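In the part that follows, the structures are each spelled out as C-alpha cells.
Across the two complexes that follow, chain A remains constant while its partner is chain B and subsequently chain C.
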Partner chain A sequence: MRHFLLFGLALASAGALQAQDPRLEGRLDPTTQAAVTGLLDSARAAGLPTEPIVDKVLEGMTKRASPDRIVAALRTLSTALRSARVALGPGAPEGDVIAGASALRAGAKPETLERISGVRGKAGLSVPLAVLSDLVARGVPVDTAATVIVHLAQGGATDADYTGLERGVARDIGAGAPPGAAAAIRARVAVTEGQSNGNGPPPGIPPKSPKEPRAKIPARP
Partner chain B sequence: MPRRLCFAVIAIVLPFPVQAAAQTVGSIDAGVTRIGYTDLPGITAYSLSPALQLFRPNASLLANGIFSYFNGGGWTLQGTTAGSVFVPRWSHVQVELGGSLSGSVDGDGNKTADFLAQPRIHWGGARRGLWLGGGLGRGWDGTTWQTVGLVEAAGWARLKDLTMVVGASPNWVGPDLRYVDAQATARLVHGRLELGAYGGVRSWFEPDGTGATGWGGATAAYWLNRRLAIVAAGGSYPADFAQGFPAASYLALTVRIATRRPPTPSGVEAQEYRLLQPLARPLVPAFRVTTISGATRLVRLRAPGAGSVEIMGDFTDWEPVPLQKSGRDEWKAAIPIPSGTHRINLRVNQGPWGVPPGMPVLDDDFGGVVGVLVVE
Partner chain C sequence: MHDDHDELIGRVVDELRAPVALDPAFDARVMAAVRQAAPGRWRLALRWWIEPRPFRLSPLTGLAAAAALAGLVVLGARAFEPRPAGGAATAPAIIVASTAPGSEVVQFVLVAPQASTVAVVGDFNDWDPGRTPLQATAGGGVWSVNLPLRAGPHQYAFVVDGKDWRPDPAAPRAVTDDFGAPNSVIIVGGKST
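== the complex of A and B ==
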C-alpha cells in the first residue's frame, strides 16, 4: 500500500512537472500559475495542443497584461481549441486544430471547418484555415471568405493556391479594392487556372445568367 | 479614375482644334511629392517629369513621363501617351477618335500597362459643349490582364477666364468591378496665376453595398516668366484598378521649365494634371520577410526617422528582438521563423506594440493588436 501511494505521488509530481513549461517557470504569481497549470492539464487531458496556451501566456506577460486578463484570454483560447477539435475530429493534427481555433475566433462557423475538412481529407487544413483567418482579418466578410475557401477546396486547390490567393487579395486591397470583391475575384482566377471542370458559380459572387453580357454596364441609379 | 479625369480636361480644347493654331510645347517638371497611403507609411518622392504637347488642326498628341526616386531607396518610371484624330466637323458636331497607352516599371522589376481606345462625339461651340464617348481596353496590374471599359457623358463651359467640366462615367474593370465616377473640374487663369480644382465621387454597383469614395484637390501655378513656373498641388486621387495603383493623398511642389508658356489655358491643364496621376505603389514594401536559408528569414522594415525598431512574435517566444539599422531608413534582422502562420508585433522608438504595415490585424486579447504573418 505504501509503495502504491509513493508511486501515485511520483506520478502526480511528474504530471505537475509536465504541466509546468520551462518558459513559464518563475514568471507567474502563484495564483496565475495555478490557473495556467489547470488549463494546461485540462487541455492535455482533452487532447488539445498546449503550445498555443503557453504562447498566449508569454505574449500576455511581455505585454504586461494583468493576470486576470491573461487567464481570461486562455479560457477563450481553450474554448476555441476545444470547438475546433470537435469540428475537425479527434484524429486531426495539432496544426489543423490550432488553425481551426484561429478561424473560429475570426468568426468562421464550426460547420465551415467541417466542410473544409470533409473536402480536403488528408491534404491538411492548416494553410486554408490560416488563409481564411487572414482574409477575415483583412476585412473580407466571413461568409465570403468561408465560401471562397470551401469553393477552392472543392476545386482541388493546393496549399500554394491558397497562399497565392492570400497574396493576391492583399495586393488588391492595398490597391483600393473592396476586400470582399478582391477575395472573390482572386478566387475566380485561382479556380479558372487551377481547374477546368466548371464547378458552378464563382465563389463569393452570385451566379449570373449565361445570357447576361459579361461587360454589361449598369444603368445609373 | 484620374486618367479619365485627364481626358475630361483635355477634351476642353480638343473638340475645336481648328480654332487653335498648330503648336508644340515641351516642358520638364522637377520637384518633390509627399504621398500618403491608407495602410502604408507615407513616402517622399523626388521626380522628374518631361512632357510634350502637339496640337495640330485635326490631331493632338500628349505624352508625359514621371521618373520618381523615393526617399530611402527605390524608383518608378511611368509614362502616358494620349492621341486623338478629329474628323472634320459637321455643323456643331465633331467626331474624335482617340486612345491612350500607359505603363510603369519599378526598381524591383514590377511592370504595369494599360491601353484604351476611346472615341467620342462632341457637340458645342466656343463657350460650351457636350460630349458622349466610350472606351475599351486592357489593363495589366502586374499579375492579371483585365478588360477595362467606360461610357462617359460630360459638359463644359467657359465663363471669361473660368473653365468648368462636369461629367460622369460608368466604368468596369474585369468581370467583377462596376462603378460610376462623377467628377468636376474648374480652372481659372488670371495673369501669371493659374488655379485649378477638382473633385469626384466613386459609387459602386458591384460589389453591391460598397460605400462610395471621394477625392479632390487643387493646383496653383505661378509663371515667373514665359518659360518658368512654380507649381504647387495637393489633394487625393482614387485607386487605378487597371494598373493596380492604390488611392493616395499627396502634396507636391515642383518647378516647371517649358519651351514657352502654353498660350491657352487648356494647354496647361493637361500638364498640371501630371501631378494628379496616381503614382505607382511604393516600390519597397514597408515590411518584408525573405528566406535566407532553411528557417532563417531576413526581416526588413522601412521606418524613416526611427531610432530603434523591435519585433516579437510566437517565433521569438514573445521576446523582443531588435532590428539593426541598414542604410537610410531600413532596418533588418535575421531571425529563425518556421514556415506557417505566426502572430507578430512591432514597435518603433520603444512606443506601443503595433502591427507591421500591410499586414492583417487581429485583436490580441490584451487590449492591443497583433499582426498575422504567413511564412511559406
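== the complex of A and C ==
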C-alpha cells in the first residue's frame, strides 16, 4: 500500500513537472502561473499543441504585458487551437492545427479549413494556411484569400506554388495594385501555369482559351 | 586707237607690278587688331555650349537616350525619398540558403543608423532579446544576422537598443497583435515540394 502511495506521488510530481515548461519556471507570479498551468493541462487533455501557448507566454513576458493580458491572449489562442482541431480532425498534425488557428484568428471560417484539408489530404496545410493568413495581413479580403487558397488546392498547387503566390502578391501590392485584385490575378496565373504543367483547372476557373489566329490584313492593291 | 589703249594697259600693268612700299609697323598693327578682335578661350567655350547646331540621331538611339534619362530621374528621385523616423528602414527577411531538409537559413536585415544594439526575437528563439543579436556592417547602420529556421510560418520582431520594438516594415505583419507591439511574419519552406 505504501509503495502504491509513493508511486502515485511520483506520478503526480512528474505530471506537474510536465505541465510546467522549464522555460517558464520562476518567471510568473503564482496566480498567472496557476492560470497558465491550467490552460496547458487543458490543451494537453484535448490533444492540442502546447508549444504555441508557451510561446505566447514568452512573447507576452518579453513585451512586458500584464499578467491579465497574457492570460486573455492564451484563452483566445486556446479557443482558436480547439476550433482548428475540430475543423481539421483529430489526426491533423500539430503544425496544421497551429496554422489553422492562425488562419481562424485572421478571419477564415472553419469550413475553409475543412475544404482545404479535404483537397490537400496528406500534403500538409501549414504553408497554404500560413499564406492565407499572410494574404489577409497584406490587406487581401479574407473571403478572397480563402477562395484563392481553396482554388489553388483544387488545382493541385504545391507548397512552392503557395509561397510563389505570396511573394508575387507582395510585389504587386508594393507596386500599387489593390490587394484583392493582386491575389486574384496571381492565383489565376498560378492556375494557368498549373494547367500547362498537366494539372487540370480547378472548379470555378474556366480553362485557358486557345489563341485565336490573328486576322490577316489585306495587302494594298 | 588701239595703240592708245595698249599704252594705257601697259602703264597700268607696270604700276601693278611695281613693289609697294609698306610702313614697317604695318604688320604689327594688323596683328594687334586681329588679336583684339579674336574671342578669348572662355568666350569660345561659352559659344560652343550656347550656339545651336544640328546633329543626327537614329530613332532607336533617341529612345535609348530618353529611357536612360528617365531611369536617371527615377533613381535620383528615389535617392531623395524620405526615410522613416529615426533613420530606420528595413529590408525584408530573406531566405538565403537551404540547410537540412525542413530548414533554411534566413537573413534578417535592419537599417538603423542610430541604433547601438539590434536583436531579432521570435518564436524561434523564445522571444529572448539576448539570444540573437544582429551585427552591424563595417560602415555602420546596416544590421544583419543569418539564422537557420525550420520550415513553416514564424513570427518575429526587431528590438532596437533593448527597448524599441519594431516590426519589419517590408514584411507582412501578423494579423493578431495580443500585446500592443506587432510582429512580422515570414514563411520558411515551400521550395522543395
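The working rule: the second predicted complex is superposed on the first by the 195 of 221 C-alpha atoms of A that agree within 3 Å, B and C clash if a C-alpha of one lies under 4 Å from a C-alpha of the other, contacts with A are read in each partner's own complex, and residues count from 1 in each chain.
Definition applied: a residue touches a chain if its C-beta (ideal position, glycine included) is under 8 Å from a C-beta of that chain, and two chains touch if they have at least 3 such contacts.
Here the structure is a predicted model, which is why all the values come from computation and not from measurement.
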Clash or fit: how do chain B and chain C relate after the overlay on chain A? clash
Looking at the overlay, does A:86 come into contact with chain B only (first), chain C only (second), both, or neither? neither
If touched residues of chain A are counted for chain B and for chain C, the larger one: B
What is the contact status of A:158 with respect to chain B (first) and chain C (second): first, second, both, or neither? second
State whether A:171 touches chain B only (first), chain C only (second), both chains, or neither. first
Residues of chain A at both interfaces, chain B in one complex, chain C in the other: 23, 55-56, 58-63, 65, 69-70, 72-73, 76-77, 95, 99, 102, 106, 126, 130-131, 133-134, 137-138, 163, 166, 170
Considering the complex alone, what residue numbers of chain B touch chain A? 37-40, 141, 143-144, 147, 149, 151, 168, 170, 172, 174-178, 180, 203-207, 210, 213, 238-241, 244-247, 281, 312, 314, 317-320, 340-341, 343, 353, 358, 360-362, 364-368, 370, 372, 374, 376
Within their complex, state which residues of chain A touch chain B. 23, 55-56, 58-63, 65, 69-70, 72-73, 76-77, 95, 99, 102, 106, 126, 130-131, 133-134, 137-138, 163, 166, 168, 170-178, 180-181, 184-185, 188-189, 205, 214-215, 217-218, 220-221
As the complex stands, chain A meets chain C at residues 23, 55-56, 58-63, 65, 69-70, 72-73, 76-77, 95, 99, 102, 105-107, 123, 126-127, 130-131, 133-134, 136-138, 158-160, 162-164, 166, 170
Per the touch rule above, chain C residues touching chain A in the complex are 121, 123, 126-129, 151-153, 155, 165, 172-176, 178-181, 183, 185, 187, 189-193
